[in-house]
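Across the two complexes that follow, chain A remains constant while its partner is chain B and subsequently chain C.
Right, the complex of A and B next:
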């Protein structure tokens, strides 16, 4: 049996939970879904639409707000009780925060950021990116079950999760979580106030990555953006260096965009960047490394030096 | 405050990856190496906390002999001393094994604060820091973008997805995994490089006992999924052809 741990924040299911569900269904065997929180009956009903053996709801006041310690304490007991063969999570920032603690406390294997699953001689083989997506690794979990697995965001389609003919049974499980033993004290989530630019409305975006080399070359990208009628955006390292403000960052920790045209200049195509832009209609990649992962999702690619290609594009556009 | 920073040596981004003969890892004999990027930010944060609160910054790395390169670099940037858990097998070990080796090497030192990067550029587990916290019996918080330390403990800003953040308080000793961009990095000065020569790099043998939790069967270059139109020719020809395609084929520019 595969136990899928759904994720919620402030009464809303994380859509990636459906992706983890799809992964579990496709991996084969019965699937159960667990939801941790406090007063989450409506979400349990939503999850019950999935083709699943049952939906388990762990309802405890100490789980109302996410904390790593609370989550680990409750899941360690639940996993002990349910004895799954595998436990699947979506590879969200929340999962990153507690799943390694859980695996260590249980003394079990945790395979992170899985993009595909295959069966090889009776064992599950997990595909995960290494070297920032430049290589894939096929890996197996070692040691006794259950094995913990996190599924990369966007690797499976949430709408591919099979819905059941009738709602799955919902079972409430009492697990005592000692609030006093929770060492992290969270405050309310917030967004930085100075978010000035809304790139989600942009029709065209020219995005720069570390290939732009220096702040002094920003002008080149800006000239291209101007010639195309595009907004300027960037990968994380550019914003980390302070070359562009944070609200121009595209990716998992920045903005998610889906313009008509996305031009990636000197961006390698790490997954955390791709999740923010792969919904774009037409994707252009210009990168001097023909093996760069960005080319896997591009419609048009030029394997070349952006300092030669971009000036030529600007000249052509301004003709 | 006594602070440990775990730093990993990884191959440089520019290095053209080559797969080794059993096809289970890369052939890195002729590679060039650098400090894992988020770890540089973790080190910078440790140095800043020391400047505010006093104490000591100790850098720790597990890996083969070549890892002394990143330890020296960290000493040159201002770390006080270094611990090198020397082992060839740790270069491609899994997160549990690495964290176990690190825990054995630093447990006795009783650090108040342990910092790691949030993820390594090579293995990319996103696990070693958080596992290490559990091994050391410390609470942890991950993907940290600001650290406020006081006698009573820490208040840290966690990055959540899509531009959201959250403050969390936790008692010391604690472990934090640091996100790139938390601060602006300083680079080593000539004075720092000279001073680093006199600083201690203590070598310890890996004494961890954790069994592997993951086995790599093979590594390979990903197959190209989507049908990408690669535009050939010189830069000028390709640029011209691309603009034409964007106008006439994709119709996304005027």
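Right, the complex of A and C next:
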């Protein structure tokens, strides 16, 4: 059995939880989903739509606000009770915060940032990138079950998670977490930048590069993004000059994204940018240099001046 | 600001072959002589030992044999002994073998190694001795008490681009020591500062440097026999330029290929990275690499001035070893064994001085005495004028190098006069005549196919370089106006060419002029800009701990 740990914050499910679910379903075998928190009925109902053996809601006062210690204490007990073969997580910031501690607490192996799974003579073989994505390594877990696995964001498609014919059963379990054992005191959540965004959640992205020439032309890209219902992102030089905040940078030192549609405006396609977006479903590139490497991975390429092409696109979209 | 302090007896800055050898030697002396155990610490800026190591590398095992006689039993990664040697003079399309391998290039009995693996292995031995190795902690400043060196300060961590403290801020630590051994490598930032402040280079010649670019390749296993080494002279360098190529074969089809050029070239449009690409395209080299895959890239400078450029390597509380002191035999392109040996001699001197409770310059002077009586001088003195002689061109240089073997290095004017490398760079108008040159386009372009030849950015990706992006630039350019005004006209912004990692770019300022853009997080810590910038306005300072290349297998 694979136990998928769903993640929520302030009453909203993290989209990547569905991706972890899809990964578990495709890996084969029965799947259960667990949701930690207090008073999360609507979210449990949302999860119950999935093809799963059951949805386990773990209710404990100490889980009201996320803390690594609370999460680890509750999950250690839950895993002990459920005896899964594998525990799957989405490779989110929150998972990264506590999963290593949990693995150490349980004395079990942890395989992180997994991009694919296959079965080989009865065992699961996990594929994960190494050397900044240059190589893929095949990894198998050692030691007794359960094995802990985190799934790279964007590696699986959330909408590929199979929905059940009828809602899965929801079961509540009470787990006593000793509040005194929680050493962290969460403060009110704050956002580093005013508009901190998690671009990994965006379905469409318009990304701009140095071809945009000046900050005053940003509006053009923003108009296109608006017309498409897309988020705006950029290559490093743009964020470096402060034209956009750093959290909108895509690439090896920025975010990794895999939206359905990625439109690159005036981006040359340096390898450090490509590694952050090559998983996008459809890539459209507009660049006036037909030799630009971005065209090597683009599904649709327009070799032309973005200042001519983009206004035409906006006009067409707004029709 | 409140800073933590740590007190040790001996502080070693830099965990390369020099620093690791110093640490091991101290542990050995400690074991042999007993007494109150010494507190020893090693600081290394790389996240893990060896990560910033880049070398050829052919190891002359003489110092290793002395330091760790049972190195083979201890599993030293020295897999392939040198079997076949070739030295070629290259012209554009052909190669002329040297009839005999000149003695300084003879390598029988030497090993082809990865310095990254070798140093990682040494770090295991160091830690097994209970010595604290602080990886990921760059030293940013030397601490003084008057003119006495009393330790170093590590860099503050967690400062954003604009100089404000982030939530992750951690103040640097002051490490105080009775003796500080600087092993911070070629153009080490601490050595540079201390040499200036204490005028340790008084009466010495200016140091000369070279830059080496290197790639690691995987080629079909039967292509070239492990232990084969190739050195080249000539193409693609011009006659006035000092340097050459190398190709060393390791087991399992792993090939180390690189190109070294003196940082005293005259042509302001010279580009070491493009030169390396031209070198790989030469039929003699391409034949070996064709069909293989480039797996790593990196670059690093090395000191090549030799004996007369070595500064005074001791002061109150201070010793300098390895590349930091300039202990490299440029004729053999070898410095590892000299770094190891000077590290060992420094350790012996420091140990004795601490036991004698006198770590003043008057006592530490013994280090120089030890060097003079050792293999280091016996090896470096006879070749003391080699790189300087190449300042007169390839042919005179070769003649001199040959002659020096006969005369013991004696020359009419000894030491041979030399200029700092950056001083030799000619201005565009002088070198190219009056005609207008497009300084943004290469003079000898190369077609990049991303199989045999690469652009800088793709190469840098294969150096594994990473830095926290939100930090102040660690390349400090004191006057950026000069870039768009004087430098553009006089030298055509040579930093955009000599930097092997595309850190410096001249971009449109929006008003028809250009401005300098510094991509500090691309930096592979080669130190070339600090050395070669014609106005000497660039200072390389260490970035936040752990930042830099990841030279696995280099």
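We adopt the following convention: the second predicted complex is superposed on the first by the 191 of 319 C-alpha atoms of A that agree within 3 Å, B and C clash if a C-alpha of one lies under 4 Å from a C-alpha of the other, contacts with A are read in each partner's own complex, and residues count from 1 in each chain.
We adopt the following convention: a residue touches a chain if its C-beta (ideal position, glycine included) is under 8 Å from a C-beta of that chain, and two chains touch if they have at least 3 such contacts.
Because the structure is a prediction, the values reported are computed rather than measured.
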Which superposed partner A:45 touches (first chain B, second chain C, both, neither): neither
Chain B versus chain C as contact partner of A:214, first or second or both or neither: second
Comparing the two partners chain B and chain C, which touches a greater set of residues in chain A: B
Touching partner for A:145 - first (chain B), second (chain C), both, neither: neither
Touched partner set for A:101, first chain B, second chain C, both or neither: first
Which superposed partner A:237 touches (first chain B, second chain C, both, neither): both
Touched partner set for A:301, first chain B, second chain C, both or neither: first
Contacts of A:181 with chain B and chain C, given as first, second, both or neither: neither
Touching partner for A:160 - first (chain B), second (chain C), both, neither: neither
Residues of chain A that lie at the interface with chain B and also at the interface with chain C: 131-132, 134, 210, 236-237, 240, 252-254
Complex contact set, residues of chain C against chain A: 457-458, 461-462, 464, 466-467, 469-470, 507-508, 510, 517, 519, 521, 552
Residues on chain A engaged by chain B in the complex (per definition of touch): 68-69, 92-94, 96-101, 103-105, 108-113, 120, 125, 128-143, 183-192, 195, 204, 210, 228-229, 236-237, 239-242, 247, 252-256, 260-261, 268, 281-282, 284-285, 290-291, 293, 295-305, 308-310, 312-313, 315-317
Touch list for chain A against partner chain C, complex: 131-132, 134, 210, 213-214, 236-237, 240, 246, 249, 252-254, 270-272
Chain A-touching residues of chain B, taken from the complex the two chains share: 11, 13, 16-17, 19, 26, 37, 95-96, 99, 118, 121-127, 129-131, 133-135, 139-143, 158-171, 174, 179-181, 184, 211-222, 224-226, 228-231, 235-236, 238-240, 242-243, 245-246, 250, 252-254
